[in-house]
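The structures considered in this document are given below.
First chain A sits with chain B, and in the next complex the same chain sits with chain C.
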Partner chain A sequence: MRAIVEISRTGVVAMLLHPLRSVATVACVVAGLLPYLVGLGLSHGVQQQARDSIRWGADLYVSGRRFGRTAPLPLQTAEQIQKIPGVLKIRPRIVGAITLGKERRSAVVVGLPASALPKSTRCVAGRLFREENELVIGTTLARELKLKPGSRLPPFYQNVEGERVTRVVGVFESDAPLWQADLIFTSLETAATIFDQRGSATELLVDCGPGYQQHVARAIGRLTIQRTGDTSNPLQLRVVTRQQLRSMLPRGLLHREGIFNLHFLLVFSVGILATMATSGFGSAERRREIGVLKATGWRTDEVLLRGTVEAFLLSILGASLSVLAAFIWLEWFNGYWLASLFLPGIGATSSADVPFRLLPLPVLLGFLIALAIVMSGTLYSSWRAATVPPIEALR
Partner chain B sequence: MSRSKHLPLSTPQGAHRSDWLVETRRLGKFFHPGSTREVRALEDVSIGVARGSFTALVGPSGSGKTTLLGLLGAMEKPTEGNVLFEGRDLTNCSEAELARVRRRIGFIFQNFSLIARLPLWENITWPLVPRGISTAQRRAISEQLLNRFDLADKAHRRPEELSGGEQQRAAVARALCGEPVLILADEPTSNLDQDGAERLQLLLSQIRLEGTTVVVSTHDQRLVAMADTVHRLDHGRLLAPGSEAAGSTGG
Partner chain C sequence: MLLRTPTFIVAAIAGLVAASSAVLTAEGLGSDHSTTLSRDFQTLLGGLGLGPRVNLAGCATCFDPRAEERCWGSGPLLTGLTYCPEHTLSVFAHQQLPGPLGSKQPRARNHDSGEMHGSTTRGASGPPYRTKEPLAERVDHLTRSRNRDSAAMDDGPPPE
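So, the complex of A and B:
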């Protein structure tokens, strides 16, 4: 036991003895592991937000389709659905895209009753909307467009009723920072005016009593909605349940994560080769050193134990640095560049706070990968030197 | 099947077979055997080294002295013939058994072979690490050895910061740290100046007086003069006592 401890100690000494080799090996580990951890952190962060959104959302999402395309739903639909047994509450919602300011900043307007705002949303300044043409905007959008409660937005829409000046009355923050980046909340009426869709909604959010979800979903599917004056083309209702959303949303993310993992399998293979190359820094010296050890009575397994301890320490160091750097990349640099792989459309530099979660399992996986890279990279050269006769290693 | 066991062994000067610490029987070492590039570094060499003796291997460069030392020190395996250490044939020993044998031998290399960047005190005591000797104990042992070899003030220096003579003394200290029964020294004075060579000669005679068996390969007449037994090699073959190899500097 004492011998193992003493040999292990020489492994620590060996790491310090060859600083260039150690730094190069750690750099190889960090280069491979850092983007991997950042990617996994982003993927898990986005998945968590998707799960949270579903949790805070409705039991059923009802939208309309006509001619195979999404179509607005008449608000009377809500009255028909309300009659179905098991339906507790219906929240109509209008969702549409607009551009703001001379910067042509894209934003999404969500019109809904103030009482139907997501539970995770809270105002950090001002208040929620009460009257028409009042807007509540996300912190990111407010920061970018330098808006605050009381700011007036020049007319950004025009319809049959003419131009309207809208007013920011509040700035909100959400537990799901990504979703607040481009969102503007307003009343259903204001949104209907903006998009010229009075009497309609983009979708209906239906809350059901426990156990009624499937029954209500089927009942809604059987409803036939006729628009006034149009009897030939009834509106079809499309119902998406909370369970369906739960399975749909992460599926895309997991698919993306799977592709990311596959790419990194390749990266890690290259990492092993790179580590083998970097461990070649001073390989003649390493070979000679091992030759001396063997000539003075060290056994092959003792030489390999020393190499294993050295590789273990280097991999722990590399993995720890990778985790730290990944946290900095995600927290301070907002997942620069990599975030765009997981969140299409946000670009390399997102002004919104990109969600991330560095979970223990991926971190542990990172340590194991680092160990595999360094072990395969450095132990091979040690093993080769240790298995030849000492006189040959010294030659 | 080895032919050697049926053949008589050349008798070292005055030594009885049971006194031999290490002996070789019809030893041969070939590089690239069987190919057109085959080099016979050593062929049909049978010698015995008595316990407590001082043996010199002499011969011109390339005569096989270093190869023979390597084989005596269990550093590699012969192509043919046998090496017996304390009566045990090393030919079929496992790698671990050979390592155990090497722990009983101190090897002094021509180029010192100290581990670069490692402080001197660690360098000379690293052979003790796999024996489970603690760092504190190794420090104490290194202090004794460094004092003995006038290197006490160099304990934390790296090998490249030392003179050739100091490095060679450190190499001797390392060879002695495990209290070996056999010291093998490969041309130990070839890289030293006059003063350094004399100092090393003195050290080796002290080691021998302490009862440790010493085998040196050398061109140095002073070391040859110290030897109880001198084996002359030429072109990998052992010359008969009294014969002189062309170009040999052996005495």
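So, the complex of A and C:
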């Protein structure tokens, strides 16, 4: 046992004998692992927030369907749905896209009835809207348009009844979920005015009694909605249940993460070649070093143990540095530049906090891959040098 | 000189491993503050956002599949969804919504009336068109009724 510890100690010394080689090997490992960990960290962050979105959202989302695409609904639909047994609450909601200013900045307008809002919330700095033409906006929009609670916005939409000046009454907290970044949250009436679509909603949020979800979803599926004054074109309804959304998340994300892992496997396989070069594959210096060890009585298995310890330490060092660098990049620098690759529309420097979660399993996987890469670089060259006669190795 | 000793190197590596383990443990536990904010936000808006996009420009499905049922940006390209630039390195994007009301879903039977949901096409009025009937039988039925009508026309107008 003592002999093994002593040989392992020489493995540490081997790292120090060639500091430049060790640094280059660790840098190769970090260069491969860092984007992998950041990408999966962001993926898990978005997943976590998506789970919250499903968990705290409505039981059913009802929208219209025309020509196989999503279409808005007349508000009277809510009255028909309210009659179905098991329906507890219905909130009409407008979710629409709008562009602002000369820069054609994209934003998402969400309108909900002011009566459906909670009395207080911690995710907004300022207050929630109480009247028409009051807005709560996302952090990225607030920063780019230089808005804060109390700011007034000149008319940014067109309406046949005329446009109004709107007032910002609140800004979402930067560490609220990702989707607040470009949000304009307002009352249902103001949202309808912005889009010039009175009497319509893009969807109805339906809350059901326990155990009634499937029954209500089926009953809504049987309804056919007739728009006022338009008796020839009935509107079909599309119902999305919480269960459907829950089952969608793992299916889509596992498939996508599989592709992502595959991409990085290719990157790592290229990394093997780089690491082989930096860790001394074919290096005369390493051959001579092993030749001296063999000449002084070291056996091949002892040389390999020494190489294994060196490779293990280099890869664990690279993996630990990658975890810390990923954390610093995502937490302190808010995923500067890299987050914009993974989250489109967020920009290189985002005001909104980038969601991320570094989980042990991808790190463990990354460490094993790093170990395999470094081992293949160090062990193979050590074995080649150790299996020839010392005189050959020293030549 | 201390920096060159094996003991120092092993201690430094152990320190880095401990620090990264601490980061992973803290990340695994999650933050109460962000959980509260997330819950408040989603309760306030009734559930908004599921994908990697922060707005509806480009691909609305990437913002929230509840807003738009499928990605229309990939075009007719084979496996176009994989190459859709909005789907961001293929990591996060969702596929089409699953479940009984989606397009490729198993049909749910309505036990009250016996008709099939998601499989019936209704006109403005009239009974639902049952797709449960085999296609061959429907074609046969239509052909026979058409032949009957043609024969009736050949016979001339019905007697007064």
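As a convention for this text, the second predicted complex is superposed on the first by the 350 of 395 C-alpha atoms of A that agree within 3 Å, B and C clash if a C-alpha of one lies under 4 Å from a C-alpha of the other, contacts with A are read in each partner's own complex, and residues count from 1 in each chain.
We adopt the following convention: contacts are C-beta pairs under 8 Å (C-beta built on N, C-alpha and C of every residue); 3 or more make two chains touch, one makes a residue touch a chain.
What you see is a predicted model; the values in this text were computed from it and never measured.
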| item | value |
| --- | --- |
| Superposed partners chain B and chain C on chain A - clash or fit | fit |
| Touched partner set for A:S381, first chain B, second chain C, both or neither | neither |
| Which superposed partner A:E392 touches (first chain B, second chain C, both, neither) | first |
| Touched chain A residues, chain B compared with chain C | C |
| Which of chain B and chain C A:V13 touches, first, second, both or neither | both |
| First, second, both or neither for A:T166, with chain B first and chain C second | neither |
| Which of chain B and chain C A:A295 touches, first, second, both or neither | first |
| Smallest separation in angstrom, by C-alpha atoms, between chain B and chain C in the superposition | 11 |
| Common interface positions of chain A, toward chain B and toward chain C | 9, 13 |
| Residue ranges of chain A in contact with chain C within the complex | 9, 12-13, 15-16, 39-40, 42-43, 46-50, 52-58, 61, 63, 69-70, 91, 93, 95-97, 99, 106-108, 110, 112, 117-118, 121-124, 128, 140, 172-173, 175-183, 185, 202-203, 205, 217-218, 221-222, 224, 231-234, 238-241, 243-245, 247-249, 251-253, 255-257, 259-260, 263, 313, 316-317, 319-321, 323-324, 327, 341-346, 352, 357-360, 363 |
| Complex interface listing, chain A residues touching chain B | 1-3, 5-7, 9-10, 13, 17-18, 285, 288-289, 291-302, 389-392, 394 |
| Complex interface listing, chain B residues touching chain A | 70, 73, 75-77, 95-96, 99-100, 102-103, 107, 109, 113-118, 122, 126-127, 129-135, 174, 178 |
| Chain C residues within the chain A interface of the complex | 4, 6, 9-10, 13, 16-17, 19-20, 23-24, 27-28, 30, 33-58, 60, 62-69, 82, 85-86, 88-95, 97-99, 101-102, 108, 110, 117-118, 122, 124 |
